[in-house]
Amino acid sequence: MKRTSWRDYEKEIADDHYYYARSCIRQNFFPGSETTFLRIMRDVLGKDIYDDPRHTSCTGIGYHTDIVPLDTTMAVVARQFALMTEAGYENMAISCITSFGLYTEILETWHEFPETEARARENLFKATGREFKKPANLAHTSDLVFHNREAIAAQAVRKLENAVTGEPLNVVEHIGCHYAKIFPKSGIGGSEFPYVLAGMVDEWGGRVVDYPERRHCCGFGFRNYLVQANRGFSIANSRKKLESMAPYRPDFMVANCPGCAMFLDKWQYAIAEMENVTYGADGRGIPVLTYEEMAGLVLGYDPWEMGMQMHQVDVEPLLARMGVAYDPSGKFLGRAGKYIGAPETAVVNSFTGDRIYRIKA
Amino acid sequence: MNAVNFGYMISVARGIDLDRNDLTSARELGDEMPEFRACIACGGCTATCTAGNLTSFNFRMVQTLVRRGEYAGAYREMNKCMLCGKCRLVCPRGINTRGVVMLIKRKLGDY
Amino acid sequence: MENLTFYHGFVVPFVVGTSVLFAVIFYKYVRWFTRLPRRDRQKVRRGIFSFATVRAVWECFTECLLHRRIWRVNPLLGYMHTSFALGWFLLIVVGWLETTAYLGGRFVPLQGHIFFKFFTTGLEHGPRWGIDFEAVMDLLLLYVLSGLALALFKRIRSRALGMRRTTRLTFGDRVALGSLWFIFPMRLLAESITSGLFGSGGFLTGSLGGLLAPVATQGLELAAWWGYSIALGVFFVAMPFSRYMHIFTEVPLIFLRRWGLRSEVREKSFDHFQIEACSRCGLCLDPCQMQRDAGLEQVQSVYFVRDRRYNRLTRRVADTCMMCGRCEERCPVGLELNTLRLNSRHALRNTPANDRYAYARNRDTSSGGGRTGYFAGCMTLLSPRILKAMESIFAAVGEEVWWADRSGGVCCGRPLKLSGEVDAAREMMKINAEMFSKQEITTLVTSCPICLKVFREDYVLPGIEVVHHSEYIERLLGEGRIGLTPGTERFTYHDPCELGRGCGIYKPPREIVRRVGTLVEPAETGREAMCCGSSIAGNGLDKNAVGKMGVAVGRAFEQTGAGSVVTACPLCKKAIARNTSLPVADIAEIVERHLVPAK
Amino acid sequence: MQAALSLAADGLKPVIVERSGAVGGKLRDWHRLFPTMTPAQEVLEEMAGRLEHAGVEVMLHTEVEGIGSKGVTLAEGKTLDAAAVIVASGFDIFDARLKEEYGYHVYDNVYTTVDIERMLNKGHVALHDGSAPRRIAFVHCVGSRDEKVNQRHCSKVCCITGVKQAMEMRELFPEAEIYNFYMDIRMFGPGYEELYQQAQQESGINFIRGRVSEASPTIDGRIQIKAEDTLVGRPMKMTVDMLVLIVGMKAAGGNERLAASCKGVTLAPSGFVAPKDMFAGSVETGAPGVFTAGAATAPKTIGESIAEGAMAAEKVVEYLKKAK
C-alpha cells in the first residue's frame, strides 16, 4: 500500500510490560493464536506480558446484543482494570477487537461524563471491594505486533511470497469494525485506511489487496448472527466482501478481529454448502488467518502447533504455496499425539464443480 | 441446489449493483423508444394513476428500476396497469407512457 | 365450318395459367369456408336463401363491376376501375355470345372463346342476330384500353386522379401488373394482324389490320397470339398471389357480409376474405394523418393488410395506427380495417389476464344514487371543467345522480382492448359492469366517447341505456327540461373519432352548438373529421408524431375563422387546446355557459 | 427603462413606447423582490424618478405594430423614426387555465403567483370567503418544462418566487402548513440557495418532490391534490385550503408580429426572440439596429433585465458610431 496517510493517525503504543486480556471467541475458535501471540512476545521479542487467569469476558457480545446493561459492562471492565492494577501493570493489551472497542468506548465515556466513572468505581467497590487505576496505555494485540513488525521481520525465516515464483502473496486484510470505526484515533491509520495489518503485510513481503468492499463489515453484527432469522443478512455481508475481493485472486485473508476471522472463514463454508460457490482462484475457499498465524508462518512455526487445523477453509494449499514444511498426518493429532478424528469433507475444501464465483474482467 | 439447509437463506442485496445488473435490455428499450429515457421523475404519472389509486402500482418507480437493470417483477407490476392513458396526459415530458408499459411488458415479459 | 379446330401450340400458356388460377382459388376458398367457425357457418346457412342474397348480387354488380364507391372519390379513378372491370367482364360475356352466335350451340373449349378470332378466320363475317359483334367487341376493347391509358397516366401523375399517394407494389403485384398491361395491347395487335391477313375485323382491329397488312406475315401473327396467350397465362398465375386476387374474393366477401358475417376481436377464417379482397388501391393512404402530417410510411391500412396477408406483419405496423377510422370510411371494398388491426394486435400480444386486476374488484368508490348514473371516465377526471359543467346541468334539471367514478374508478377497458389485451380488458369490463348492475340506474351518461363506445359494444347492461352527454343534453333540450340562451359566438366543432365514426353520433353536439351560436365546419368534418392525434389506440406513436398531427389539427381549426373550438371528448379537448390559440371547450361547458334553468 | 437611461446619459434621445398606462411592466404588480425582499415599488420608483429627471420621452398607451426600415411602426399606421430599436417587450404570463387539471378558474381557491402578488400589494391575502388558509400548497413548474402546453423551457425565476411567496405566506399565516411541490428546485442566483434553506429551516416550509397531477374539490369546498412523493416512492394526496400555481413565463404574444415585420429578427422554438448569439451578441438580433433587453429573449430576473438594458444601450451607441 502506497498510502502514507495512515501516519496522520499515529498511536502511542507502550513498549513493554503488558497486562493481557484474552478474547472469548478466540479462546474457543483459534486458541492457538493467543498462545502464538504470547510465544512471539516472550520468546521472540522478550517482552513482559502477564496472562491473568482471573479476568473474565468483557460482556461485549452481551452488551452489543442489548442483553447486558451498560452499567454492568462498566463494572466488569472496571474489574479488569482493577486486576491489572493489582497485578502491577498499567499497559493493557487486548486480544479482542470487540473488547478493545468497548474499553475505548468506556474510557471515552468516563472522560466525557465523569459521573459514570464515579458510579462504576462505586459499583465495583460495592460488589468486589476492588479499586483500580485506568490503564496508561490501551492497545490491541495487533497494535503490538504492528509495533514490533520490524523486529519480527529481522528474525523471519521466510517472507509472504510464493516459494516457487518469488512473487509476493496477495493478502486481503480485514480490520474489525470496532477497532477504529468508532474512535478513529484509537487505531493505527484511522478508520478509513487502518494500517495495522497492512503494515505487517508490507513489512513481511506480501502485497496488500485494495478492493472495493475493503471497509465493509464481515457481517457478524452480533444480533444479526445470533438471531437465526437474521443470519441471512449476516452471511450476505460476507458474500458481498468475498465477491468484491475474488477478482484480485487473494492467497489468503488476515483479520485482527475474532468475529471477522471466524465469519469470513465459516461463511465461506456455509455459502459453498448452500449454493455451491467458492471464491478462491483454485476453486476452493480463501484461507483466513489471524495476524499471529501470519507472523508465526513468517517466523517458521509449525502450523498445527499454531492451531491452524481449526480453520474451516483448509490452509494446506497456502502452506504449499509458501513452501512451509509440515507434517500432513499431524493435522488431527491432539494432546500426546492422540488422533482426534477428521471432519467430514466440505464443498469449500474439495471443490470439483464449475461454480467458482464468476470473476469479472 | 441447497445441499444443506442451515435454517436461513442468504439475503438478497437491497442495493442496486450497476456493475452486475445486465443493462442490455434497458439499453434496448431506450433504443427502441428514446423518449423512455426522458423521464425527470416528477411522479405525476404515479399520482394520477388509475391503477395506483387502487393498488400499490408505481409506474415511475417500476420504469426507473427497469432503466437501472432491475427487471425482476417489472412485468408483473406493469400488468397492473389499465392502460387508461391518464399518465400520458399529465407527463410534462410528453412521454408515450402507455407505449412504455407495452414495451416493458413485451421485452421483459414471458410472452 | 365443321372442320374448325380449337387447338394450337400458343394456347398452352393460357390454358396452364387458367388451370393454375382456378386450382389455387378453389383451394383457398374451400379452405377458408371449411374453417369458418360454427356460428359463421350457421349465418351462411340462414342467409343463403334470404333476400340478403339478392342484395348481394346487386352489390356485386355495383361494386365489383361498376366500382360505385370509387366514382364517389374521383370520377376519373372510377372510370379507370370500371373500364377494367366492366370492360373485361363484357368482353368475356359478349365474346361468349359472339361464339354462340357464330357457331350455334356446339361445344367450344375455353381457349376457343378467348382466341375466337384466330380459330375462326374461315368463317363468313358480318353481323349475326342483327348485331355487329366485331364492332361491339372492338368498342369494348377500346373501352378497356382507355382505362389502361389512364392507369399508365396514374403511375406518372396520380394526383390527376385524385390520389396524392399510391401504393408501393410487391413483386407479385409487379408481375401481375406488367402482364396485365400487355394483355389488351397484345390482344389488339394479334386480332389486328389476323384481321389484316384475312380481311376481317371491326372498326378498330379491322382498320389497324389494314394498316398492318403490308408487313403482316403468318409468323408475325403467330408471335402476337403467343404474346397474348403468355400475357394472359402469366397474369392468371400471378393473380391469386397478387393484389388481383381481389377480383374474385370481393364476390364471396360481399355475399358473406350480406349474410351477417363480421370480423371480431379474435382472428378467424372470415378475415381471409377481407384481407384478400383488398385490391391495394391505396385510397386509404391519403386520409391517413400519420402519412400526411407525421410522415409515417408503410404502416397504413393497405400495408397492414398486405403484410398480414403475406404473413410478415410486424408489431410496429400493427401498433402504429390511431384507429381513427378515416381509412375505413374511404375503403371502396368496405373492409373492417379497424377490427382487423385490432385482432392482429390481439394475436400479436394478448397476454393472459391472470386475474391481474383482482385488486380493483369490490373497490366501489362511487357516490350518490338515483336512476341516472354518470361515468366521467379517466380523462374527464383530468378535465374538471367538464365535470363541473355536468354537475351544473344535472343540478339545473334536478336530476339525482349516481357518480360512478368521481373519486377515481376503474378504467372502462377500451384502452386495453385497443392495445390487443382483450382478455384483460374483459376482466376490467366485468368489474365495471358488476358495479353498474348493483345500482338502480336506467340511464348511464358518460362524457368520454371512448368509454361510450366500449359500453355499447362490449358491455352487457340489461336495463341500462348508455348515452353520451351530448345525447343526454340534446334529450333534455328536446324535453324542454333545460333551455339555452342563444348567442352570436362562432364555434367550430371537432368530431371525436370514437363518437363520430365510432358511435355514429354527429348530430346531437351540432344541434346544441347551433342553439347557442353559429357553427362553422372545418374542411374535413363529420365522417371525414380529423383525429386529434392523441388517440388511445396510438400507443405505437411517439410524441413527435402525435405532436405533428396535433399541430395540423390546430391549424385546421384556426382556418375556419371560428372564435372557439367545441368538442365532445376530454382527450380531444386536451390535444386541441395544446395546438391552437383558440379557446377549446367541451360541449357541456358551452351548455353550462348558456344554461337557462328549468321552467 | 435602464436602456433609455443609459442612452440618455450618452447624450442620445431615447423614446420609450409603452402599451399600457405606465412604464415598469410586470414589476408594477409585484410586491417584494427575491431574494432580499426589497419592495418592488422601491426599485420601480427609483428608476422612474431617474427617468423623469433625465427627461426621457415616454409614449404611453401606444401599441407597436412592428419594426420597419425607418423605425417603429405604431398602431394606426404612424411611424416613429428611430436610428436603432431596443426591444424590451418582456414576456407573457402563462395562462394557468390551460392546465385544467389544476382547476384554476374552476375551483374558488386556486390562485396563481401573480394573483398572490396582487393580493400582497393590496395587503389582504385570504381565501375566497375571506378566511385565512390553514394549509397552503404551491405547485412549481406550471407552464414551464411542460410539453403538454408547449412550454418546454424552464422559466428560471419561478422556483425562487415559490420559495419567496411561501415565506411571505408564513409571515402572514404563522399557523398555516405550507407545502411546495416541485420537480427540481433550481436556485441559481446569489442568495437564492440561502433563501431556500431559510424557508426550510426557519419558515418551516415543507418541500415535497413530486409533480401535482390533478386537483379536485372536496365536499367542504377545499381542494384535494394528488402527487407522488417521489423520494418516498409512494403516491400521496392532501387537502389544502389554498392552491397556488407558480406560473411560468411564456414568450410574448407580440414576438411573432415583431419577427414578421422585421427581416433578420427570428424566434427561438420557444417563441422568445432569438439573440444573435448566446454570448457576446446576447442583446443583438439578426437585424442590424435592432437590439433586445430583458425577457424578450428568455426568462430573466429583474436584475438581469436591468443589466441587459445597460448593455443594449452600449451596443446601440457602438452601432450608431459605426453607422456614421
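First chain written, first letter: the chains are A, B, C and D, and each begins at residue 1.
In this section, a contact is a pair of C-beta atoms (placed from the backbone, for glycine too) under 8 Å apart; a residue touches a chain by one contact, two chains touch by 3 or more.
Values in this document were obtained by computation on a predicted structure and should not be read as measured data.
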A-B or C-D - the one linked by more C-beta pairs in contact: A-B
Inter-chain centre distance, chain C versus chain D - centres from mean C-alpha coordinates, in Å: 52
Whole-Å separation of chain centres (CA-atom averages), chain A against chain B: 44
Whole-Å gap between the CA centroids of chain B and chain D: 38
Interchain centroid distance [CA atoms averaged], chain A/chain D, Å: 66
Residue numbers of chain C (touch at least two other chains): 381-382, 543, 547, 574
Overlap residues in chain B, where contacts from two or more other chains coincide: 48, 53, 89-90, 94
For chain A, residues that touch 2 or more chains besides their own: none
All pairs of touching chains, each written as two labels joined by a dash: A-B, B-C, B-D, C-D
Of all residues in chain D, those that touch chain B in their complex: 101, 141, 145-148, 183-184, 209-214, 226-230, 233-237
Chain C contact footprint on chain D (complex, rising order): 98, 100-101, 103, 106-107, 147-150, 214-217
In the complex, chain B residues that touch chain A: 1-4, 6-13, 19
Footprint of chain B on chain A - complex, ascending: 228-233, 235-236, 239-240, 270-271, 273-276, 347, 360
Chain D-facing residues of chain B, complex: 40-49, 52-53, 58, 60-61, 89-94
